[in-house]
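Order of writing sets the labels: A, B, C and D. Residues in every chain begin at 1.
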Amino acid sequence: MKTIAILTGGGDCPGLNAVIRGVVRAAVLKRNWKVLGIADGFDGLVDGPRIIPLDMAAVKGILPRGGTILGTSNRGNPFAYPVEEGGEVKLMDVSRRVVENFRKVGAEALIAVGGDGTLKIARQLNDQGMPVVGVPKTIDNDLRGTDVTFGYNTAVGVVTEALDRLHTTAESHNRVMVVEVMGRDAGWIALESGIAGSADVILIPEIPFDMEKVCQAILARKERGSRFSIVVVSEGAFPAGGGKIVQLTADQNLGVERLGGMGQWVAAEIARRLEIETRTVVLGHVQRGGTPSPFDRILGSRFGTKAVELVEQGSFGQMVALRGRRVEAVAIEEAVGELNRVDPEGELIRTAEDLGVMVGR
Amino acid sequence: MKTIAILTGGGDCPGLNAVIRGVVRAAVLKRNWKVLGIADGFDGLVDGPRIIPLDMAAVKGILPRGGTILGTSNRGNPFAYPVEEGGEVKLMDVSRRVVENFRKVGAEALIAVGGDGTLKIARQLNDQGMPVVGVPKTIDNDLRGTDVTFGYNTAVGVVTEALDRLHTTAESHNRVMVVEVMGRDAGWIALESGIAGSADVILIPEIPFDMEKVCQAILARKERGSRFSIVVVSEGAFPAGGGKIVQLTADQNLGVERLGGMGQWVAAEIARRLEIETRTVVLGHVQRGGTPSPFDRILGSRFGTKAVELVEQGSFGQMVALRGRRVEAVAIEEAVGELNRVDPEGELIRTAEDLGVMVGR
Amino acid sequence: MKTIAILTGGGDCPGLNAVIRGVVRAAVLKRNWKVLGIADGFDGLVDGPRIIPLDMAAVKGILPRGGTILGTSNRGNPFAYPVEEGGEVKLMDVSRRVVENFRKVGAEALIAVGGDGTLKIARQLNDQGMPVVGVPKTIDNDLRGTDVTFGYNTAVGVVTEALDRLHTTAESHNRVMVVEVMGRDAGWIALESGIAGSADVILIPEIPFDMEKVCQAILARKERGSRFSIVVVSEGAFPAGGGKIVQLTADQNLGVERLGGMGQWVAAEIARRLEIETRTVVLGHVQRGGTPSPFDRILGSRFGTKAVELVEQGSFGQMVALRGRRVEAVAIEEAVGELNRVDPEGELIRTAEDLGVMVGR
Amino acid sequence: MKTIAILTGGGDCPGLNAVIRGVVRAAVLKRNWKVLGIADGFDGLVDGPRIIPLDMAAVKGILPRGGTILGTSNRGNPFAYPVEEGGEVKLMDVSRRVVENFRKVGAEALIAVGGDGTLKIARQLNDQGMPVVGVPKTIDNDLRGTDVTFGYNTAVGVVTEALDRLHTTAESHNRVMVVEVMGRDAGWIALESGIAGSADVILIPEIPFDMEKVCQAILARKERGSRFSIVVVSEGAFPAGGGKIVQLTADQNLGVERLGGMGQWVAAEIARRLEIETRTVVLGHVQRGGTPSPFDRILGSRFGTKAVELVEQGSFGQMVALRGRRVEAVAIEEAVGELNRVDPEGELIRTAEDLGVMVGR
């Protein structure tokens, strides 16, 4: 009877529980293995080890739930781990402790579910002899190596629903609605939900935007008789020339460092330049939470069961990935390092522009 | 064959189309009357008159749609109407023009759907001899005279769904989530959605909050083992002592006057005082838009058909109202003037406190 | 330190967990009492007693979940309880055992959450000296004594969403869609969701329907240019004259006793009489399950906290009830016995008919 | 200025309006072409021609709406068209009339959106010299040539939501819930929604099921302590050996030919064999209607804009298709003829079995 371990690292993402459940059911029900959950990502291997036993009962009813029953790491990378020493915080390599703790746990393999950061650590640990299989996770869809991962579809759904709601209220008034959405480095969520939710302007990090042209697009709509416009802004979008340095600071006397994000800056700029009423929506973590969409539940389940298969085959250093209609194994290297960003000349941007959406240029 | 007119005034609200459809079907199908829509609230009677004929085809398929097919007024009160004269804007009484235009329209009665402002105007016009029936509307639930109006239930639903989503993601991390919701003068939306969405702290305009106690409540939760807290803040909430004067201004060089609202201020304060990560969600107009809940569709339909009955009976100066399980007629006076605010010592606050929710005191 | 017990009886209903959570939080957090859950309704007091301790951890996260964490009774009434004796099942009065078991449990009061059946038992047990407070529950809204109970609003939401979906597909084709919904004795769900979902025909138990007139209404719509009609049928609706005896039996060789319900019968009749394509939807238990609407969560929470207050005051033999905007105490007698049925001449039916809906007559 | 035409054929499918809107915006906004809609699929070219002009205003607001603003064909294939002659209906080849009518319309190309039937006709007409570009459509996901089409994702979402609701109510009782879903020839909807909604048994047309083993699986769950089971049944599933001949007929005196579907038969069989309560849900057309999911809106938009590109390039006889992450052109032949069915030995079935789902064998 084999024993395997699983952890979830990095930011939260709907579908994590589907992966965990998939791993447990494929291992316990099908193969009669034992599964141990590591609490709070790699943190649970740095201290402790902190173990959450995962039997069938432990994963009952978790498929439709957001979040992860294992928690995710908050402190960080074992190869540069913040350790307090004499009142000072230093970054230290505690990877040896992780490997030792993993041995104590008694598992033959680790399934590491996470994004760029987690997968890099997984690969390094695998190189150090700890057998690891990866499961890619990114709500922003900015990971390479897989067509898409779980969580992203849910996030696009949340934003699209908000845009649907804004449409009806925008139509009744004369206003510009600005919606700030997730996407620090990649504009996928803004782009796809903007298309699905019929946005008029979509601003993404991959295409530095020209505020003047954004305003012209809104005016042009007005001249064609549309009383309102909806602008979707990735949190990581930025004006051409301005670089990503725009920082909004408020009254320091209030002890507040940063009050508004890029969405609020864009709204304020439109209001100032066009003398038109604007309203801002900041969806924030609402995009990361809640019940995963069926697509994400299925993909998470497929990833989980496939990861167990990779462990069975001894395919360590690999991760599961969606390629077309198939879930396959690819080297973890393929996912980490460079990001999967929107191609400014690609098909999806062309679709948006064909639909009459202004993408900031 | 009678002819009646209908207009929708003030802010947007899910269920307005249900009222319009109810009026049209009850008048056209049942009584063989003619219905004329006035565009953009009382604005459509100041200029124009601007008329949208409302036959059965015009209201086909509008029941599940947010917004109002008639538009709402943007400029304002005919008794103090902004008129430009010589580059200056003056407030003038144009009510006579409204009455004249209404006569031109040829309708025997006006059904005015709107909030405090619209209903006050309706009553004044009725006093001047224009036969008006009112339909109360307020997304914030701050109108007197009726147990509740349409739109509010939908808004509570939108906020609750967001809180549900935040719960799962908050549970996976160590964070305080602050959600700013509608409610300038009354905290109903924050209070009811906070109860439904299991908020830990609810701050409303009726109970000036003590930031120190808010922080203590969050710390107390932490000590009991809860890694996160969810705080719901009415946009009109304010700290005790501070008055409603808190104004957040950002870098004036950016030409931005106001970047953050009360939600962002509370989040910043918690972060500063407790040295804990906070995240803010600003749902804004998402709360006002989108398909009305079944409750709001039914209430809107009942209000619409009842309003036609009041016209038939000649009950002018009255408005429709929900009282217990019945839709009845009450004098418009009962609704206007004072607001329907949360009673700090009432049953709903007691329920919240019994559930362990901190309400700012 | 007081100890109280709670059980949930009868059919499933969204909001039950909100009541349980409300009771636990109001008792444990606020009053430092102890709460014991009885498993599977009164069954858990007939055998056993079977106890589920309810502390704060036990009710964590249950507010948005459908069903009841306590289970509901499946066997039945302690005053006529099915007991097997010598291969035969007899109905016996086991109420004394219930009272004894309750004493063993050591609770000073029982909060009994349930419908007509459960509340009757509760009252009888209260008369026998067991201190009981009732919480009314009915998904069909057929209980007297309270304006409405939790669960009903959610059920209307599920049906309305299905009707919304049917509308768009019906519009693209030439068809009659028949939707069978819950409501054996009362047509509230059919009536309210039919209004909210823009049904063309609504058939309820309170108004025996005339199939001929139903067909005429569909034909009349066709003549006015509508290619489709949507018919909502309570499971307990029945044709005038036919009585409630219509029973559909299929090929006995298949060992099947009852294949179709009233919805399918109505669909078949329309197809036969009008030679038109019909399609049937049977939503069944989908209406009873899933996350409760915000309305039901709030009402359940208010009922739960109020029930604890009644226990505190010693108001036994009473139940909580919604009256207008207030939750109050009423005698359990007011709820049991007669049903709350739709008034065929009441305001809601008048609203439906004013909207042009055919209600079977 | 080019003129193109578009029609939608066959069954209804969420996302059709997204395609129409994509075509119109890409043609009108971007290329300054003219677009003509053909009403009711090929029917609109057999009689008439019946034309719906499609300018920007015509497609305003249709993206989130189910159905198709063009209607779909109800009579059928122009190569075997039902024509009444002397009281008798004969199938005649009216394709020449279609080609003539198309010429009258004055369009240079036709975009035909539809399933297997529509695409076959499109190819034949293209062979006869009418320039056609295809857009594949199938709610069941049973078309070859494309990874997936729009509508399917929405249908899986509707079923999954129903399964989520059933779970909570099933858990409170002792019951088997049987849900019949779409899928006459292919079991994709049952399989994917069954995985996403955590079904215990999934029966699909590709794997004739063994009723005995289905019952054993339910019993095995009971022995492991699960009080309920959820069974998802494709409408086209059938028992091994039985062939697809099972026909359920009810009392002929009621004039009813077919009351129950395969879901009801399975429920009755389980009830009979295991003496356990069962409940049936028949979602029917609810699965075909309503607002398309974001995925379907985006895919429909991409298909629509790409189809215009194909027209521009003169790539007739081709259809658009999703391959991995790209929308490409493939020959219409690739889609028609054989169906895309679930591979009983493929990865998705393996995933289901790894998760512990019983797939009928």
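Rule of thumb we're sticking to: a contact is a pair of C-beta atoms (placed from the backbone, for glycine too) under 8 Å apart; a residue touches a chain by one contact, two chains touch by 3 or more.
Keep in mind that what you see is a predicted model, and the values were worked out from it rather than measured.
**Q** Fewest touch steps from subunit B to subunit D?
**A** The fewest touching-chain steps linking subunit B to subunit D number 2.
**Q** Do the two copies subunit A and subunit D share over half of their interface residue numbers, or under half; same or different?
**A** Looking at both copies, the contact residues mostly coincide.
**Q** When the centre of a chain is set as the mean of its C-alpha atoms, what distance in Å lies between subunit A and subunit D?
**A** About 32 Å, centre to centre.
**Q** Report the inter-chain centroid distance for subunit A and subunit C in whole angstrom, where each centroid is the mean of the CA atoms.
**A** Computed from C-alpha means, the inter-chain centre distance equals 41 Å.
**Q** Indicate the whole-number Å distance between the mean C-alpha point of subunit A and the mean C-alpha point of subunit B.
**A** Here the centre of subunit B sits 34 Å away from the centre of subunit A.
**Q** Indicate the residues of subunit A shared as contacts by at least two other chains.
**A** 164, 167, 291
**Q** All pairs of touching chains?
**A** Applying the touch rule to all chain pairs gives A-B, A-D, B-C, C-D.
**Q** Show which residues of subunit B lie in contact with subunit C when the two form their complex.
**A** 21-22, 25-26, 29-30, 61, 63-64, 147-148, 153, 156-157, 160, 164, 167, 192-193, 195-198, 291, 293-295, 297-298, 301-302, 305-306, 308, 323-327, 347-348, 350-351, 353-356
**Q** Sort out for me which residues of subunit A touch subunit B in the complex.
**A** Listed in rising order, the residues of subunit A that touch subunit B are 12, 14, 16, 65-68, 71-72, 74, 158, 161-162, 164-174, 177, 248-251, 254-257, 259-260, 264-265, 268-269, 272, 279-291.
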